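First subunit A sits with subunit B, and in the next complex the same chain sits with subunit C.
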Partner chain A sequence: METTIDVPVQTSGETTTVYASDYLNKLSGEKIERECKRQLDAGCKTLVVNFAETEIVNSIGVSILLGVIDAASDAGAKIVFSDVNSDTTELFEMLGLTNHVTVMS
Partner chain B sequence: MENQQKLIHTFGALAELGSEVAQKQNFQEMMRTSLHLLLGSLAIMRGGIARYSRFGHELNMLVVRGMGDDFPLGLNLCYEDERQFLANGLFPIEVAEAKVLPFFQIYDRSFEKKRVELLVPLVIRDEMVGVILLGEKANGEPYSSYDKEIICAMARHIGVGIAQRNMLAELERRADENRRLYDDLRMTYKDTVKAFAKAIDCKDTYTEGHSVRVGKYSEIIAAELGWSNDQIEGAAVAGYLHDVGKLTVDRNIINAPYRINAKESAELNKHPAIGYEILLPIHHPYTDVPLAAKYHHERLDGRGYPDELEDREIPYIAKIVCLADSFDAMTTDRPYKRRRPANEVVEDLQRNAGKQFAPELVTAFCRGMLKEVTGETKDKRFRKLLGREYMEAEGITPLLQNALNGISPTSSLTLVSLD
Partner chain C sequence: MSDLQREGILSTVENLVGRTRELDALMQHAKGENSRLGLMLLSAPSAGASELLKEIFDRLFYEQEKTIPFYFALKKSDKTVRQTALRFLQSFLQQIVAFRRRDEKLLNFSGDVYELARIAVPGDGYWIDRLVEIYQNESQTKDERAFVRQALSAPLRAVAADAKIFVMIDDLHEAENLTGETDFLAELQDIFSRSGLIFVFAGRRRFLFDAMRGNHETLRLEPLSFSDSGLLAEVLAKKFSVKINEQTRDLLAAQMQGSPQFIKFMFQAASERRQNLDGFRQVEKIYADELFGGRIGKFYDDALAEIAPNIETQKHITGLLFDSLTIEKEQTPVEAWQNRVGLDEKNFSALINRLNTREIIRLSSNHAEAMEENEILSDYVTARFRLEVIGENRALVVAESLSSYLKRAPKMMARFYRRNSAIGLRELLSVFDHQEIPLALLDYSRFRDEYKGAPNDELLKVLGQDAEKMRLPQIVYAAHTMAFYPPIEQSIEKERSAVAVGFQESKYTDEDETIWIAAEIDSKLEAAKDLTEFWCDRLEVVALMCNFLNYKIWLVAPEGFSPDAIEVLRRRNAFGSSRKQIELLIKALDVEDVLGEKLKPNEYEMVVPMGEDTEMIAAQTIEEIARRHHFAPKAINQIKTALIEACINATEHSLSPDRKIYQKFTVEKDKIVITIANRGLRLSDKKAAEITPDEGRRGWGLKLMKTLMDEVKFEETDDGTRISMTKYLKNS
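Right after this comes the complex of A and B.
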């Protein structure tokens, strides 16, 4: 089922994929966090954040992703970062985000 | 390689924060972005920025992330907390060290629940403007000295942003206070002017209320000319005070129940110059008030007094007061003369436009009257000053219309700014 709101989202069973795109690196990226929380509140058990369209992640992006990680942890849901490029993967590892999420290239 | 990437990431955040504080107009948005940049630069799981109110001794959370709904949004501090924060300066304090602070005893459980690890007092120019609370890092490691240096640098930017906001708020508060003081002064000035006008009118039992009415007619003319509120107020003040020089004229001359002789007339005619001398040393908010007193008996044709000025030489404000003064003289009872009917007065104004009065002012005055007579305006300014019956005299409407059509608007203007 494809839903088109501000943030592209795709749901299949208990797994929801949220597309980060370039929103993530600005204050407007908070809507990605809100959308993730909405999905978790709706019962999503596996939350996938897709980075296919995301070239780089800056500090604002990291902060927003930490919010998503925190929300998923509170909801007892699994979180996966998918289609992450090598630079971003390296950044996530260096900052310790990989302690909380599964990162897939 | 890892260190290099870490440097790029954190310095990118630092640069962005500097530009954010320098450019952002929206304070709340600036604080939200700043917290994101601070948390994201070192991958800190949660945190908040609080502004310190010196008067309330309270830390008010401006923005929080990951602190939960039950975290207190206002934290009360005591003098000792503030003293210790100031003594510490802008450098992170580990929770273990902060436990000695009195306020920590109250909020210990909230801090523990949210795993707050660092407190950063925002001390800018020896003044505490806020505190940053920071939770654990995503990698689970303790804060290194490098991390603390980065936090310090970013906290300084955030502190400056809060200090700037405080300064702006203080400036706005002072500007408001100044505005209120200015309004009070203005009100006092206006009350004084009105009291003066009453004092002037008290000298002349037959023309009681004359100065007040001249003030109001001058106000009407200025409004019809489309002047600003300040300028209209200036015209009214000029009208209120135009006869202030009469305070020095013998009461018997002013109240003489007969046509005064030449000697008495010469005495009376000194009042414009005396009025000017009285008003000149006073610092009026409107510059032309003394000029209105001095020249309100001048005529466009040069047959007025005291200086027999002609059209262009007469200050514009004096022309307004002259018309208002003459109109009131014609429409009130005098000891030796009854008030004249409205029709006659309008004809007189029309006849003397260009000789005694500036034509465009007569036009403005008649237009104001006509608007009221025809009901175009709901204002009852003329009715209040002249009485209802007087304003409803038969044939006044066509007469005013005729006057408006008949007066040539070609008088040269002697515009004198009231600013």
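Right after this comes the complex of A and C.
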């Protein structure tokens, strides 16, 4: 696993997994966003954002994730949110994210 | 002036402070949801009953069209029964027409009833014309009683015409001054008790209780609680732009003894003098001014002048009250008062009854005593006695009084703190009703050996399985020990000791009767043998002096009792409990609500700087608090997320000058309340562009807070915003 600017990343073929931190807020969200865009620019076709470590996501974090979803869509890549805990899944549902992305717990 | 002109002791907003329960009860009654048609609103003097009824009138007037509210208050200026009945009829017509025409300006209509009748809605024309006829014929009706009955029956005519009327008759105690051949109250009671109308009779509690009988609902309006008094002080401080702090707020709440009127007087006076109430010195200065020539002084001057117009009689009363407060300290036979006042039987009887209904004295079993617990009255009596009876120099009296009030203030607060920390033995004993409880809750020896140190969560459960049980007596009367044996006051504060009279098996025989004498004693460690012996002796003296035969002593010490002390308790056949056992007993009896005032909610406060993810520090803190209070993990996460959103909201939108977020977490029995406050821009200070979310992807904070919490309230403060969010334990 490589780490770029505090964000752990794992690549396997055309699939890249980006690991979110324990608290997804403006600062950590922007780091994720930048890394995701970097991976998409590099030709990644399946982007996985892994939330295994994430306990709390705030509303700014959610708005940044929406930007990541848009970027993936523009790049023609598939995006998956994986290892999302039940509370965060509920939050994503509440704010309509699950309409745009596959969420796996 | 109309009865409905809002010039009462409280303005509309303040009326609701601490009175939600009473307002709800009155609204419920107005809607006909009570089993009985009549309700007696028994009010302590200056507790704000009139304002409550006016609030009900307003709500019914503005918020619905089905029930017509009618409010009538007797006045001091009402001299005769006939004149009062006429005013009743006139007010009724005025209010009916105003309601039907949905025009509140008509409530202050100064024209005569003929003009009113002309503008009445056509559907009411017939019965309104009949009422106008009664009004018109008043001067020709020789039979006073017939006229009074016709006038007071006016609402019945409306009902006969299918109108739904809710009648509120206030200040009924003023009826005692009415002259005439007809008994106003008797007629009122006779007409309304058989009318099928929903009504409220309101007035001073001691007067109404004696004067009005019947099968009515009863609603008692007591002085405000300490916390509601504090809340009212905060509301008034804002209204009158008078600065207070937490210390002076509490002092005002304690010193004004729950009187909304006196609390308001203090703020009015401070505002007029352009002074703040942010120090004990300032509070006592305003208090002294109020007592020696302000509204509080005038309140009691007027009361005494009304009770006894003759100035010499007033002096005698002042002297008697002063003696009762300072020298006699106990009840004095009424005859002794009559001898001092020097009035004939009839006039004296009227005077002493008025003193009683005004709650200046307490009258019982032909004995009278000043209301010693009313310290404002005591201060007034002392000041007036020194100035008018002894004739002391005014400057000297004012200076000495102010000095004594200042010296008293910290003592008053200390007394309040001690009282507040007391368990409430009297209240606890009152709920004993043959419940079966583990013996270990009253037997410290057993508790210490078998349960002390066990985890809190498990204690009640384990205790419930304890085979050794005892049956509590059924208590029929409980009072502070001081009420039975006043000298005990020298050894213990009033609230820390109680006597309860009850029956072990409800056979109601002499053998079955049992008296519990309980005291809460101080000891940092387990109470020692000597201390326990001392208290057993003291309480046995109470039993001896009161002639209690079958009694039980119960001592409560914070940390329980030493082995030697336990032996003393055993020898005396007494119970001994620690504070922990009492907490468990309250839970076991499920009476936390009864003792609610004693069980204060847990409050936590913190201030965090804005930015740098500090909201996570707050979130971790609330997580720990919620976990301690058994909130489910899912609810904890929701609370944390809502809190984070509130913090983000404060940080992003406020342009806060101090960059701080003020947080308070209050945990009560069934809920957690989070209050987040910040200084800076308020929502109403912002331009529309500043509020609009960008691209629909922001501005979700509020939605999240509202979805994740059970209640969310936004409030604009003078210099910022406050968000209160509540999560209920039952929903988690």
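Note that the second predicted complex is superposed on the first by the 97 of 105 C-alpha atoms of A that agree within 3 Å, B and C clash if a C-alpha of one lies under 4 Å from a C-alpha of the other, contacts with A are read in each partner's own complex, and residues count from 1 in each chain.
Heads up, the rule we're going with is that a residue touches a chain if its C-beta (ideal position, glycine included) is under 8 Å from a C-beta of that chain, and two chains touch if they have at least 3 such contacts.
Small disclaimer: the values here were computed from a predicted structure and weren't measured.
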* When the two structures are laid over each other on subunit A, do subunit B and subunit C clash or fit? -> clash
* Could you tell me if A:Pro8 is touching subunit B, subunit C, both of them or neither one (first, second, both, neither)? => neither
* Touching partner for A:Tyr23 - first (subunit B), second (subunit C), both, neither -> second
* To do: Based on the superposed arrangement, let me know which partner A:Asn58 touches: subunit B (first), subunit C (second), both, or neither?
  => both
* **Touched partner set for A:Leu66, first subunit B, second subunit C, both or neither** => both
* Asked: In the superposed arrangement, does A:Leu97 touch subunit B (first), subunit C (second), both or neither?
  -> first
* Quick one: from 97-105, 151-159 or 403-411, give me the piece of subunit B that collides with subunit C in the overlay. => 151-159
* To do: Touching subunit B in one complex and subunit C in the other: list those residues of subunit A.
  => 27, 58-60, 62-63, 66-67, 87, 91, 94-95
* Structure fact -> Within their complex, subunit A touches subunit C through residues 23, 25, 27, 55-60, 62-63, 66-67, 86-87, 91, 94-95
* subunit A to subunit B touching residues, read off their complex -> 27, 30, 58-64, 66-67, 69-70, 87, 90-91, 94-97, 99-100
* Which residues of subunit B touch subunit A in their complex? -> 2, 5-6, 9-10, 12-13, 16, 29, 32-33, 35-46, 65-66, 137-141
* Residues of subunit C defined as touching subunit A within the complex -> 613, 615-616, 619, 634, 637-638, 640-641, 644-645, 648, 697-698, 700-701, 703-704, 707
